[in-house]
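Chain IDs A, B, C, D and E follow the sequence of writing; residue 1 opens each chain.
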Amino acid sequence: MLHPITNAHFLVLSAALLLIGTIGVLTRRNMVVILMSIELILNAVNINLVTFSRHFGDVHGQIFAIFVITVAAAETAVGLGILIALFRNRETVLADEVDLLKW
Amino acid sequence: MVNFLDLIWLIPLFPLAGAVTMLLAGRRLDPQPPSEVALAPGVAAASGGNGHGDAHGHHPAAPGRFLISLIGPGTVLLSLLFSAGAVIQLAGLPEKVHEVVKYTWIPAFFFHPAGGGGARLAADFGFLLDPLSAVMILVVTVVGFLIHVYSIGYMGHEGGYYRFFGYMNLFVFFMLTLVLANNYLLLFVGWEGVGLSSYLLIGFYFHKKSAGDAGKKAFVVNRIGDAGFIMGMLLMLATFGTVRFVDVNAALAGREPETGFGVLSAIALLLFIGATGKSAQIPLFTWLPDAMEGPTPVSALIHAATMVTAGVYMVARSSALFALTPQTSFLVAAVGAATAILAASIALVQNDIKRVLAYSTVSQLGYMFLAAGVGAYWVAIFHLYTHAFFKALLFLGAGSVIHALGGEQDIRRMGGLKDKIPVTYRTMWIASLAIAGIPPLAGFFSKDEILWQTWSSPLGSKALWAVGVVTAFMTAFYMWRLMFLTFHGRPRLSEEASRHVHESPPVMTVPLVALAAGSVAAGWIGMPKIWTWFGEGFRLFEHWLAPVFAAATAHWHAHAEAHHDVSIEWALMILSVVIAAAGIALARHLYLVRPDAPEAIRQRAAPVYNVLYNKWYVDEIYDFLFVNGLAKGGGSLLSRFDAAVVDGGVNGTGWLTRFTSTLSVWWDTWVVDGSVRLIAFTVKMFSYPARLLQTGYLQSYALVILVGVAVALGYYLMR
Amino acid sequence: MADTILFYIFAAFVLGGGVLTVTRRNSVHSALWLIVSLLGTAGLFLLRQAEFLFAVQIILYIGGVVLLILFVVMLVNLDETARLRQFNKAWWVALACAVVVGIEIWYVLNRGLETLEPGEAPQTAATIEGNTERLADVLFSEYLLPFEIASLLLLVAIVGSVVMAKKRI
Amino acid sequence: MSEHLLSIVLFTPLAGMLVLLLLPGSNKNLIRIWANIAAAAGFLVSLPLVFRFDKNAEGFQMVERYDWIPALGVKYYLGIDGISLLLVMLTTLLGFLAILSSWSAIDRHLKAYYAMFLLQQTGMIGVFISLDFFLFYVFWEVVLVPMYFIIGVWGGPRKLYAAIKFFLYTLAGSVLMLLGILTLYFQHFEQHGFYTFEISELLKLDMPLALERWVFWAFFIGFAIKVPMFPFHTWLPDAHTEAPTAGSVILAAILLKMGTYGFLRFSLPLLPKASIDPWIVQVMAALSIVAIIYGALVSLMQDDWKRLVAFSSVSHLGFCTLGIFALNPNGIAGSVIQQINHGISTGMLFLIVGVAYERRHTRMISEYGGLAHVMPNFSFVFAFAMLSSAGLPLLNGFVGEFTILQGAFETNRAWAAFAVTGVILGAAYLLWLYQRTMLGQITNPKNLRLPDLNLREWAVFLPFMAWALWIGVYPKPYFEVLEKPVAQLVERVRPDYFAQHALAVQAPAPGAVEAGER
Amino acid sequence: MSQFYTSTDHFVLVPAIMLALFGCAVLLFDFFLFPEPRQRKRLVWFLFAGEIFTAAGLWRQQAFLASEGLPEITAFQGTLTVDGFSLFFNWIFVAVSLLVAIVSWRYLEIEGEHHGEYYGLILLAQCGMYFLATGTDLITLFIGLELMALCFYVMVGFLRERKRSNEAAMKYLLLGAFSSGLMVYGFSVMYGLAGSTKLRAVAAAIASRDAWDPVVFLAMATTAVGVLFKVSAAPFHMWAPDAYEGAPTTVTAFLAVGSKAASFAFLMRIFLGPLETARPAWEPLLVLVAVLSLTIGNLAAITQNNVKRLLAYSSISHAGYILLGLIAGNATGLKGMAVYILVYAFMTLGAFLVVVALRRENLIGEDIEDMAGLMHRSPGYAVLMLIFLLSLAGIPPTAGFIGKYYIFLALLETSHYLLAALAALYVAVAIYYYFRIVRSMFISEAVAAPPLESTVGLRVALAVTGVLTLAIGVYPEPFLRLAQTSLVR
């Protein structure tokens, strides 16, 4: 009844998480949550990487995942910094209220 | 002894030198007073200008003016002398042909299948003196010289004296080029050049709008004919590979007349279209009466004696070609006859002295084409030659009358002038007899010969002859109507005019007398064959020209001789004289004996009168057809342009071109340019959607990215 | 068998946490659900024998990143933000589009997944050795360079966030 | 020195421009004088071309050929044949006269103005003497920018629109032409294994007809817009009308010739199969004829003096293109001569408008009338130009038009029949224009005190008139110069032409002034 | 695995080390040595020094390659590859960084945000670019890309008091992170295909599969998103106008030129490396992207009034042109890409530098109207701008023409006739909006403003870009040879 877990399970899970993250990026107005959604996307990537790492029996994928986490952290840090600067000037963190630049 | 024959290229150059001198230095020689600055009346009042300069205001006779008076006629006299010398020497040649080629003008390749391969067209600056051009240069230089002399008096009081002589000399240059050219292309140079001079001289009084209009009309209508001429030359080139007269004639030698409408007929027809323009034949005759806006000596020289006969000359020059094309020849004769009678009928009722003469000219030119059309080329030239004398005389006389009356041109306001200006009267009297065809004056011989040839030639017909006779009657009638109204009867002059009346100075009357002499005697060298008792010397004209037309007449001559019937010729001759006399008599009856009769007739035959008076409504017919017909049918768009047309008062063809060009402008603005603008507009319009995507919301940007992914994956799935 | 059950549990963590992260009105809640999702991922790492990564995930991600986020959320969170609409106006377009992309990815994966399945099972060998040692071996030899660059990256991140966030520098 | 003659001719204006840029901008007269000196020098150094040119030599003369961009196979390759010679002389002389005519017409930003003119001069000369397609294209584009500024900065009220329209139109055409050029370039590589833009090398190409057709259309777009042929002409009235006088002169007299020159130098010889493709020839002739009639009709209805002249250009250039696509010696030789003629006569007409405009600052015909009273010399010059443009025999226009008609007639009689109406209409619109501006009474008091031509203006007009008269009376040298290149061109496009027509490809007997009896 | 950090590794890494070293040094010195704002301009000298050392490193690499006749040097077990390609791009980066740096200090002073971090970020960003051009390993490329991107996020937001700058940075960061998330997803799949992160291994794995393999396609599609995002190709371009407009102009210049060039290097590494064999699958998509880029870039630019924004759209269209070279894919096309990127770098940089020059205390100088009558106020700038714009439009004899020339030629050589015609016609559209600027500068009446005063740095930078833009157009030979070397791989 319960079939064994294959790569496919992980990959589909990862794709699903990717989508959830994408939906978050696309729909949430709060930019902090958008940042969180990006974290979800990167997590999906990590799941992929670890799965493949396991698949190939080496650790390259895991190393890649470490870098992804690093990058995620760095991006988040800078993003939050910018967000604070923005918030200081604009008193908002809502994505659709930040539209001075257009057309 | 100077070899004038090799110097014939100088003949046109003398007047050219005169023209150049006058146009370049004339204004220094003859300073123009400021009064020449003309201003429209309203504006003149507003700006304090002194209006239209008085045409007859006397200028101080400057030495420069004298120089102009010397150069103008002098250069023509030089040409005359050289011409005479050359003609005399030509007469001594056995071949009676002399060609001088200066240099190649337009060299080019041309291919013609008929010539069996290729040939090079090289239109040369080359001059040809043969009996035909000899006659022409003599006519041009003699009449031209006399008119130049006359102009010294006539134009003496006008502004732009230098300009006048400059243009006149220019005209003589081009006219001499035309008649001396050894090929069609150079002939065309003169052909266009005389058109230009005519344009300039018609518009001499350029402050008058009518003068400008008339000049423009003359030029443009002539250009229509010229287009035909050009096409004719091109077809000729394609057929013979040359436009040199001698070569063309050589190429034609040995050909049989065309039975249908072949290439030769086409060439002839196209050339004839050119001739109808220049010689004011149907349908392109309307410009000539308008051309009377020019000074009277111009009318005499250009629009009577020389330029308008260029078409006749050209047809005669192409006689070898026309003789091979019975269909076109018939068309030439028919057009000539139709023009003759149409113009004569109009002349019957015109009141402007110059207009009567103008229509008379058109009519007489019709005679010439009639002659040419029936294959009697020498007669056409003969009439050209006699006509030059009496028609120039008539115009100059009319000029003298107008001069005497201070500008009056309406014969209804003349009358009883014969004693006040006797020289004018007498010379014009002679000319009128001559044109009416009373023997032994010049007109009689030529006109009688035309009628006889029309009757007898295998190319002619009785119907054409009948038209000619009726025209002869009309000619006698309108000429003498003119004479009686002008010189006889009770004076009907205005107060001012009658005080002003005076005989012209000798400088004007001497040319009149000289021309009168010509009108009397010029015909004596072309007496009918049946007047054998005078001897062959009196048939000099025909013999002189015989070599030129030998090729042309060869086809028909034998045939014609067989039909030659002395008694019929006598009968016809007498008939024509009687007819002419009848015309004179009728004119005398109506205008001298019973001066109220014309009015009564006019009342009774009002429709006919009006048709004639309004020149058969030729201009108006075009107007009606194109203006009203199209405007009413064409709805609001067309009616917008209608106003412009009525306002412009141009004739039908002019209107039509303007209408189509308005359409073109419309098309250009809205369709051609519009489509370009549409593209620009569309591009710009697409710019906005492209920008609208850029909402400023970062999530829509992300959405677009996702759409990109979706499309990419979708593309994979749909593949 | 246990693996399978654990997988589904963690997967539920991951997806449920993810969905709730995205849908929670309050961003603090979102952050907390993010932690759940990340924990689930960490569990999955364990399942795939990536112990070191598991640790990194817990410490660095949950301990560092999410705390940072929470900190900022606290800093900037206005009460009214939570009361406002949480989704933008075009959310349904985005959702539809994402669903389409999801279907497409699923379809593509479906066609290609078997090529990514292991033929035999080389992973057995990997479990024997300590994961962390091997990782360190590779990281500090083959991936020394990215590791160094990553340090630069973090330097930039620090400098950048300081530059951005500090009022006066 | 002598082997670099073409380079010297080419770069003299550019050198003049560079010096000009160093002059102080405040001294207006200094700038004017220098610009005129530079332009005159440009003309003077081009004169030796005439004397060194050997009309009996085949091919290109005074060739200069150096590597420019070896990586692309681009050469700095100059040379002239008869066609180029005439157009170069037209350019150098008219460039000088145009600059001379600007003396008092331009008083803003003089330095930039003259710099643009001189730059453009180099560009135009370059177009006519380049034998490397790449080099040609570079010069072709170089010309655009100065003209854009000349129209845009010193133009009339709608200058912005006109300038950008001019630029966009011609640029769009030329980039498509570039694609055509590159196709040839690549095809040459495919067939002969090396990349080159040299015309002489590209002539060795043998392409399938279909490809030639495509390339032909690519070239067509570029050249037809420049000429401009009928549906592409709408930039021209705007550009001509808004440009300052000298700009209009250069635009009409020289820039438009770049298009016709392109057809002659590139389209025909490089694409011989497409050029005799019946369908293409028919379309070209039809467009030309439409342009002749259409341009004339539209001219008739203009109330803007300059616009009228501009449309007349469309008509005249229609003759030029018709002559080219008659594809026989007459048509092509006539076309080249007509190009020169158009440069002279339309150049004069634009200068005439400029003279009037400088005095009255309006181009509306209705503002004028009766100028002959106050400006007799001016009206004389105008009449001369008008007659030259209308094709009066003994003036230049007739020689070209007649030769073209001859060529057209030989190929297709109907073409000539249609084209000849242009002769009639040409007279009509010009005479009407003349009447409305020069004749009649002076209806506008402002026209009462207009000064007649001054010495400088005479100096501008006299060379034009002399040249017009020369071509009209003694065009033989022109035909002689064109004999070889035209024959080569026809030979290239219709290899059997001369054989079939048994025409010897040779000049008429030298010293052809044959006086005396025949 | 035996020996890490060999001398080869060092040799290859020297330029990056120099960049990182001097970058860190700038950061440090900024804090400790130059607390006074007025002293900070001296930090530029650190940057110069860093660039000089970097250049020296590059020069040695180049010389080594030339002397040994080697096509490439690989290091770090295939992680980095120095070849003609990488050197070509690195030289561009050096030049661009230098030019941007020397005009920056005055600009930032006017903006009131003159900080040492700026120069550090430039150097570190360039370090990231170095790895983008040199890296042949997915992880290295990813980290390099992120390093560059992070620096840019910060620099774009450098005007912290400006709302537009904040907003630009925020948008750029969020979208950048999102797209690189997708990209790295693609990387993960590539890794899954190959079991290695080395491009060569990935290429081999993909080559062993069908061109239309679904997994490969998924990897390609998601990777392409990130890559195309960075080169701002439509429809992934939308951040560009906003970020360009909001960023400090010097940063915009660096972003438009340096970042784009590096991203194209990255793109070529990916598409011509691992993905080369999947060309049938991605070529149609890239055609679509290129056409969209051309269309949107050119059309949207027409109605812009902000010069920076206009140039942003124009850079989008240029991305389209460069992609056309990739689509053609033959030697001409690839060379064309290199040449195009080279000329694009200088002409775009020059155009932005003129905008920088316009920035004064009271005048932002970014609107087209602000350029009105520039010809009469500062003819030198106007003429230079004209040259840059002509070059951007591709009018000979400027550099831009040479780039377009190659692209067109490559398209024709590979029978993409319609694409060629379209690309050609867009030149005419482009001229329309470029000439709006020209019109403003040369034809509009001058606004009452004093002539621009300029710094030595600005003059030098403008002179260099101007001369290069003209020189590449008039005598492109050496540059073409340089581009030729970039093909050796």
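The rule is short, and it goes like this: a residue touches a chain if its C-beta (ideal position, glycine included) is under 8 Å from a C-beta of that chain, and two chains touch if they have at least 3 such contacts.
All of these numbers come straight from a predicted model, not from anything done at the bench.
Colleague: What are the mutual neighbours of chain A and chain D in this structure?
Modeller: Both chain A and chain D are touched by B, E, going by the contact rule given at the top.
Colleague: Measuring between Cα centroids, what's the chain most distant from chain A?
Modeller: Looking at centroid distances, B is the chain farthest away.
Colleague: Find me the chain with the mean Cα position closest to the mean of all the protein Cα atoms on display.
Modeller: Centre-most chain by C-alpha means: D.
Colleague: Hey, which pair has more contacts between C-betas, B-D or B-E?
Modeller: B-D
Colleague: So which chain is farthest from chain E, going by the mean of the CA atoms in each chain?
Modeller: B
Colleague: I'd like the Å distance between the centres of chain A and chain B, where a centre is the mean of that chain's Cα atoms.
Modeller: The computed centroid separation for chain A versus chain B comes out at 96 Å.
Colleague: Between chain A and chain C, what is the separation of their C-alpha centroids in Å?
Modeller: 6
Colleague: Taking each chain's centre as the mean of its CA atoms, how far is chain D from chain E in angstrom?
Modeller: 44
Colleague: Based only on mean CA positions, could you tell me how far chain B sits from chain C in angstrom?
Modeller: Once rounded, the distance between the two centres reads 102 Å.
Colleague: Note the residues in chain C that touch 2 or more other chains, in rising order.
Modeller: In chain C, 88, 94, 97-98, 101, 105, 108-109, 113, 116, 138, 142-143, 146, 150, 153, 156-157, 160, 163-164 touch at least two other chains.
Colleague: Out of chain A, which residues touch more than one other chain, so two or more?
Modeller: Each of 18, 21-22, 25-27, 34-35, 51-52, 55-56, 58, 60, 63, 67, 71, 74-75, 78, 81-83, 85, 95-96, 98-102 in chain A touches at least two other chains.
Colleague: Which of the chains are touching one another, listed as pairs?
Modeller: According to the stated criterion, the contacting chain pairs are A-B, A-C, A-E, B-C, B-D, B-E, C-E, D-E.
Colleague: Along chain E, where are the residues that touch chain C in the complex?
Modeller: On the chain E side, the touching residues are 1, 4-5, 9, 13, 20, 23-24, 27, 76-77, 79-80, 115, 117, 120-121, 124, 127-128, 131, 137, 139-140, 143-144, 146-147, 150-151, 153-154, 157-158, 160, 169, 192-193, 209, 213-215, 217-218.
Colleague: For chain A, which residues count as touching chain C in their complex?
Modeller: So the residues of chain A in touch with chain C come to 2-13, 15-24, 26-30, 32-33, 35-37, 39-40, 43, 46-47, 50-60, 62-63, 65-67, 69-78, 80-85, 87-88, 93-96.
Colleague: Okay, in this complex, where on chain A does chain B touch?
Modeller: Per the stated touch rule, the residues are 22, 25-27, 34, 95-96, 98-103.
Colleague: Sort out for me which residues of chain E touch chain A in the complex.
Modeller: Against chain A, chain E makes touches at 138-139, 142-143, 146, 150, 153-154, 157, 160-164, 166-171, 173-174, 177-178, 180-182, 184-185, 187-189, 191-192, 195-197, 241-242, 245-246.
Colleague: Applying the document's contact rule, which stretches of chain A touch chain E when the two form their complex?
Modeller: My answer: residues 18, 21-22, 25, 31, 34-35, 38, 41-42, 44-45, 48-49, 51-52, 55-56, 58, 60-61, 63-64, 67-68, 71, 74-75, 78-79, 81-83, 85-86, 89-90, 95, 98-102.
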